[in-house]
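Two complexes come next, and they have one chain in common, chain A, joined by chain B in the first and chain C in the second.
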Partner chain A sequence: MREAMKKINLSYIISLALSIFVALIIGALIMLINGKSPFIGYSALFSGAFGSKYNLATTFAKTVPLVLTGLGTAISFRSGIFNIGGEGQLYLGAFAAAYIGITFTSLPFFIGIPLAIIFGALVGGLYAFLPGILKVKYKIDEVITTIMLNTVAVLFTSFLVNYPFATTQGKMNGTEIIAQSYHLRRLVKLSTLNTSIFFMSFIAIVIYYLMEKTSIGYDFKMVGQNRMFARYGGINDKKQMLIAMVISGALCGMAGVFEVLGVHYRFLQSISPGYAWDGMLASLMAKNNPVGVVLMAIFLGALKTGSVSMENATSIPSELVMVIQAIIVLFIAGEAGFKDKFVLLNIKRKSKKAGETNA
Partner chain B sequence: MLKEIFNLTLLQHTIRTATPIILAALGGLLTQHTGMLNIGMEGMILLGAFFGVLGSYFFGSSLMGVLLASLVGVIIGLIFAIFVVELKSDEFIVAIAINMFASGLTVFLLRSIFGVKGAFSSPDIVPLPRVNFSFLENVNFLDKIFNNHSIFVYISWILVALIYIYLYKTPQGIWLRASGEYPEALLTAGVSAKKMKYKSSIYCGVLCGFAGAHLSLGYLTLFSENMSANRGFIAVAAIIFGKANPIMTFIAALMFGFFDALGIRLQVVGVPSQFTQMIPYIATIVALFIVTNRQLQKHKKSKGERELA
Partner chain C sequence: MAEKLIELKNISKQFPGVLANSNVNLTINKGEIHAIIGENGAGKTTLMNILYGLYEPTQGEIFIDGKKAVIKSPLDAIKQGIGMVHQHFMLLPSLSVAENVVLGSEPKKKKFFMDYDKAIEITKNLAQKYGFKVDPREKIEALSVGVQQRVEILKVLYRGADILILDEPTAVLTPQETDELFNVIRKLVSDMNKTVIIITHKLQEVLAISDRVSVMRQGKLIGTLPTQQADAKILTEMMVGKEVLFHDLHREKVSGEKVLEVKDIKAKDNRGLTVLNGVSFSLRAGEILGVAGVEGNGQSELVEVLTGLRNLEDGDYFINGKKITDVNPSNMRNLGISHVPEDRLTMGLSKEASLWENLLMGLQHKKPFVVKKIHLNKKKIFERTDNLIKEYDIRAIDRYMKVKKLSGGNMQKVVIAREFSFDSPILIIAQPTRGVDVGATEFIHNQIMRKRNEGAAILLVSAELDEIMRLSDRIITIYEGSITGEFKNKEVTKQTLGLYMTGKQNKLKGSEDN
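The block that comes next holds the complex of A and B.
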């Protein structure tokens, strides 16, 4: 979506719905080929995501990292700088929070928790600053650098939890458990839903205001849509891109923080199953619109949660959902192109008709 | 301890671990020349690895495995080209979709066809043949380093030469390079840049299919979830490092293979391997920095000279 950064309009919502619909149909076909009923499969998926208090809570628990990484992606994409490094920023942010939680064990919760969140955001933001400065100062493609930095972060934290910070309680590729005062309270029995959803909601509202209601947000949009024009309008485009990148990294870092404080209570070597990628998907689907990102994050969270129930009910492997997601991404990537082709086809047909009537 | 790390086995491992990177990078440099950077190689390798095992297992022939892996490579390469060339989609987003699709589909099929989670191995998977040159057997170190590798190791070296000749010595290769650099010039020559882009993407798919088949039928004889393990990204790194020149890219891939092998050896003696594993990624960023910095300096210099004049 680097070129086509159009606003969401009715025609886009129709294309998005169509993309999701076609992807679900393909999913249904795959189920049929496997000799399973798509009807049973999808109803199990739906009730698995929304059917009970526990399921609903699990869906929302999954939504927390997706909203944060999704908004992080959205803010960078909208400013015309493409942070694909959310996964790495998430890992470092998560480790940073765990570090605070195992080091300053005697801090009361009202100091410790904000400290962990801020430190995680800071580390994530700094890690995004690096590809940001390389982009604006040296014109090095940030997509490549952020992809490379993802792996560097995953490997670095893997080193940390296997050597200097390895837990002494058995071999589990994780740090020690963070102090009790850092644990965010669980909200629904058995589910991992915790108070981080309130933090997330607060952050989402702030980001919404920043992106939609402030002059900074307007500058981001200007830079993203037309750098030259923004520059002539007196906006320091390089500075704006850097700021957007750092905020983006901070949001992804915070996604990691809440996984540690609310879900695992320690840093684990593979703490994220690709949250930042799903967050990016939410942002792509919503065309970087903050409200849309939240809605799409809930949708994707529901798909992920429901897929587990689908697997239990019908023994259709839950990875089917990943295939469906990939098809949605592909359709959205091709959306503008499909439309252009369609318009062209229509013009051709019309001009052909006009030619015929003239003759 | 040094003797334990730096020995012939290290070189032998280097050759083994570099091969899938070489194969994929050769494919990726072709699309790079047509102006498309393909991050989707990661997923293409993974699909190749899975369908290689599938073909070999069901047909009882490693050749069928390679064929099936290449066929899937052709299809994915075609999809990539249709979206990027025809629909003008963002190449990175299409590539990310391919990677997501590959890791979802392979695990899905692993579980629904073979009914296993994690990895599938079976005595019915026929591995690729190993090659032994009898004239090398007499010299111990040559025998150890160059003999008894899986066939794709040697094929990859031949391909380096072939692709070099193709790119720089044949009209087709010149067209292919021109389609990225001077598409208008190509048009005046009566050649479609689009067609060359399609071609490069399909070649890339086949070569990534080879890389995958080598992983699951040559390097190992099994399929495991996400077994491509970032090799597609390291291939991208090798292309950038080697400036998309087949020989330079080959050297970069060998170098990254060396660090990978070194990491494995280091782990054996209890040294963390994470840092050696990081090298390709950091090296890429450093290489990009050096290359673009030089260009910027040049630009500044020429601008300064012009101003002086």
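The block that comes next holds the complex of A and C.
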């Protein structure tokens, strides 16, 4: 336990908690200015997220794609290659799963579901491989290519579901419903929480193990921290970056798969309200630490779920949560700067004290 | 009684976590050459940066000509007649000498446009006045380091400096260039009434040039004394606080097999220019082969080629008599090469990673540190880490400490500990003690010699001739990507090496014939 404590970056956790706290305070001020009681607002938010079995289930349902895309981001960022293309990979992964589900309709669930997951992961991984190989072979900035490929994926799937794969059941910008055997079981009445949370937990544990306990995770980390050092130590840095990128894409693809198999039962033109971006935020908040990513994903999932109840209960717009999220991002971006100021202040105070005792 | 020019009174400077200067009192007399020496991190440069206005002191006062001076920026310092030449030159390589000299206060025509002709004239006159040989029209990038340094000095003189601070001016110079620089400094002081403060950690230089010397240690000024009363032993004692003498290292007679050989190898630098132009040599077990050369003559690239980090364009590379076809870092490591790189921060370490992670590099896929193919065996890893920390005397809080929080000497010990712990038959070591204090230097030298006596084949690249001469059995000199000479150590003088390092060996041959 003491060993574990030493590894935890306590000062960062404090500054993250402070950032969140200040963001919530600013949120409270906004409510006050608008003549709403922040106390009522936040308690509605909290009970909306955790207050009942249904609410809790909804929060965790939201957590599934956030954890997967968050871990996807974390593993790529830690390896020094920046996959900002999670949203596109999610869309393609989701469509791939739906394709399996509407094509191989007679497969039993124990073959069909794994097949859909693997195929979705594969498609997501391949879609990340493309910018990955451009990066390591031709030094083309992966940040730019992945962002652009997001648009390509979203528009391409949107073409697919509106033309070749459009449902015949009315106009709803989606595919046909996938075969019954592919449906993941719902766990709580009315909520969309489904067995994908178990898949997700398993995947999260595997990724945690991979990142923190294995030589592969060590290689990823060293490449990300200092590529020259990794190369010098005999690590094939380009290969590691590619592998990390593909794993990252596969995770984001799987996030899409579970949206199809567990939530919508079909591919929809706008299947993700930006899960990959929120997942990235979770990863940034946790500094790419896999355990932290899960915790932050739950936190963000709770904010999202709670904000809807808050709007219903208090007529405080749910967009307020977006404001709070944005402020957290700002604080995290400024974290280093804040910390320096903080340390300096401390030293000044100390040296002043020392000066006084000298005199 | 000499006239006091600058007085620093009770200067202290606090950086986050470090007290860089602590109650320093220093007097500089008019018209003297004042050396400030101390180990790396002793606070010399910080003190001078305060005088030059780059840092504001946490406390203390500066008096110039007896008047209290407020120096808040280099501009203030320049107004007071203080100029500084930094260790790393601050020149624009693509501009001409004249443009660099006048940069910041250019002669203008029509109040707006720079007057190039005037700039060239100014530079020419200035160079003439001080007896420098520089072509004002030449671009900086075409000049040798020694001449670039003179441009830096000209720049300072152009701004009207009477007090020149030179920070480690000889770090990048050959022995010949150093001599030339010293002549320039002497002339500035004797003919032009300038005052020179020179920061260095090389004792011989202090003794050769200065009038007075101040010794710093751990942010404190230990003492100032006239150079005539000082010698290397006294100064070293003052610098390190204990007697550390560079005695001869125990050298066992080892005669080993030829383990590494290169024939006519060629390589290109990052810009695609040929930097190794057919280099051949061989290396035996149980010997240290020193590579002496001024930095930038291909020795960095040589090390990179040998360790697989740079493409071998042409030529043959043999290890244990076998020709190596696939030269890459992982392959070279498997063939038994360990590498202490010249720059520990860009290549030798990951600053953000912990001590144990840094010490693990290279073993993360090897038993017993990894089990079941990928599972890191932390118990074994930590055991080894803790042993190395002890054995190599790495001063760290624990194995989780981030390497960036270590001092330079301890960082270097981490690299040495890791690479030496592999017990590789071949060690390729570049600049092993760069920026490392005297105590750690002694320790590292001892470790290198121990490895040699145990039978390792060692290639030592260093910019410090003293280091090469202390450790090597054989020495080769490299100049512009070619080997210019090979010598048995003890049979060659520093001056001779210096000539070979600068491609001027022909001069020597003439004089030897006499």
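Simple rule for what comes next: the second predicted complex is superposed on the first by the 332 of 359 C-alpha atoms of A that agree within 3 Å, B and C clash if a C-alpha of one lies under 4 Å from a C-alpha of the other, contacts with A are read in each partner's own complex, and residues count from 1 in each chain.
Here is the rule we use: a residue touches a chain if its C-beta (ideal position, glycine included) is under 8 Å from a C-beta of that chain, and two chains touch if they have at least 3 such contacts.
This is a predicted model, so every value here is computed, not measured.
Asks: Could you tell me if A:S52 is touching chain B, chain C, both of them or neither one (first, second, both, neither)?
Replies: The answer is neither, since A:S52 touches no partner chain.
Asks: With the two structures laid over each other on chain A, which partner does A:Q169 touch: chain B (first), chain C (second), both, or neither?
Replies: neither
Asks: So, A:F156: does it touch chain B (first), chain C (second), both, or neither?
Replies: In the superposed model, A:F156 contacts chain B only, not chain C.
Asks: Could you look at A:M148 and tell me whether it touches chain B, chain C, both or neither (first, second, both, neither)?
Replies: The first partner, chain B, only.
Asks: What is the contact status of A:V321 with respect to chain B (first) and chain C (second): first, second, both, or neither?
Replies: First partner only, chain B.
Asks: Looking at A:K139, would you say it contacts chain B, chain C, both, or neither? Reply first, second, both or neither.
Replies: Touch status of A:K139: first partner only.
Asks: What is the contact status of A:F82 with respect to chain B (first) and chain C (second): first, second, both, or neither?
Replies: In the superposition, A:F82 touches chain B alone.
Asks: Which partner, once the models are overlaid, touches more of chain A's residues, chain C or chain B?
Replies: B
Asks: After superposition on the shared chain, which partner residues are touched by A:K221: those of chain B (first), chain C (second), both, or neither?
Replies: A:K221 sits against chain C, while chain B stays out of touch.
Asks: Scan A:A333 for contacts with chain B and chain C and give back first, second, both or neither.
Replies: After superposing on A, A:A333 lies in contact with chain B but is clear of chain C.
Asks: Kindly list the residues of chain A that each of chain B and chain C touches, one partner per complex.
Replies: In chain A, positions 340 sit in both the chain B and chain C interfaces.
Asks: Hey, which residues of chain A end up touching chain B in the complex?
Replies: Going through chain A, the ones touching chain B are 1-3, 30, 34, 82, 84, 134, 138-141, 143-145, 147-149, 151-152, 155-156, 158-159, 162-163, 277, 280-281, 284, 316-317, 319-323, 325-327, 329-330, 332-334, 336-338, 340-341.
Asks: Spell out the part of chain C that touches chain A in their complex, as residue ranges.
Replies: Those in contact with chain A are residues 14, 16-17, 58-59, 307, 309, 329-330, 333-334, 339, 341, 346-353, 357, 360-362, 364-365, 370, 374-376, 398, 400.
Asks: Where on chain A does chain C make contact in their complex?
Replies: Interface residues on chain A, with respect to chain C: 6-7, 213-216, 218-219, 221-222, 225-226, 228-236, 340, 343-344, 347, 351, 355.
Asks: Looking at the complex, which residues from chain B come into contact with chain A?
Replies: Touch residues, chain B against chain A: 37, 39, 79, 83, 86-90, 92-94, 96-98, 100-101, 103-105, 107-108, 111-112, 230, 233, 236-237, 240, 272, 274-275, 277-278, 281-282, 284-285, 288-289, 292-293, 296.
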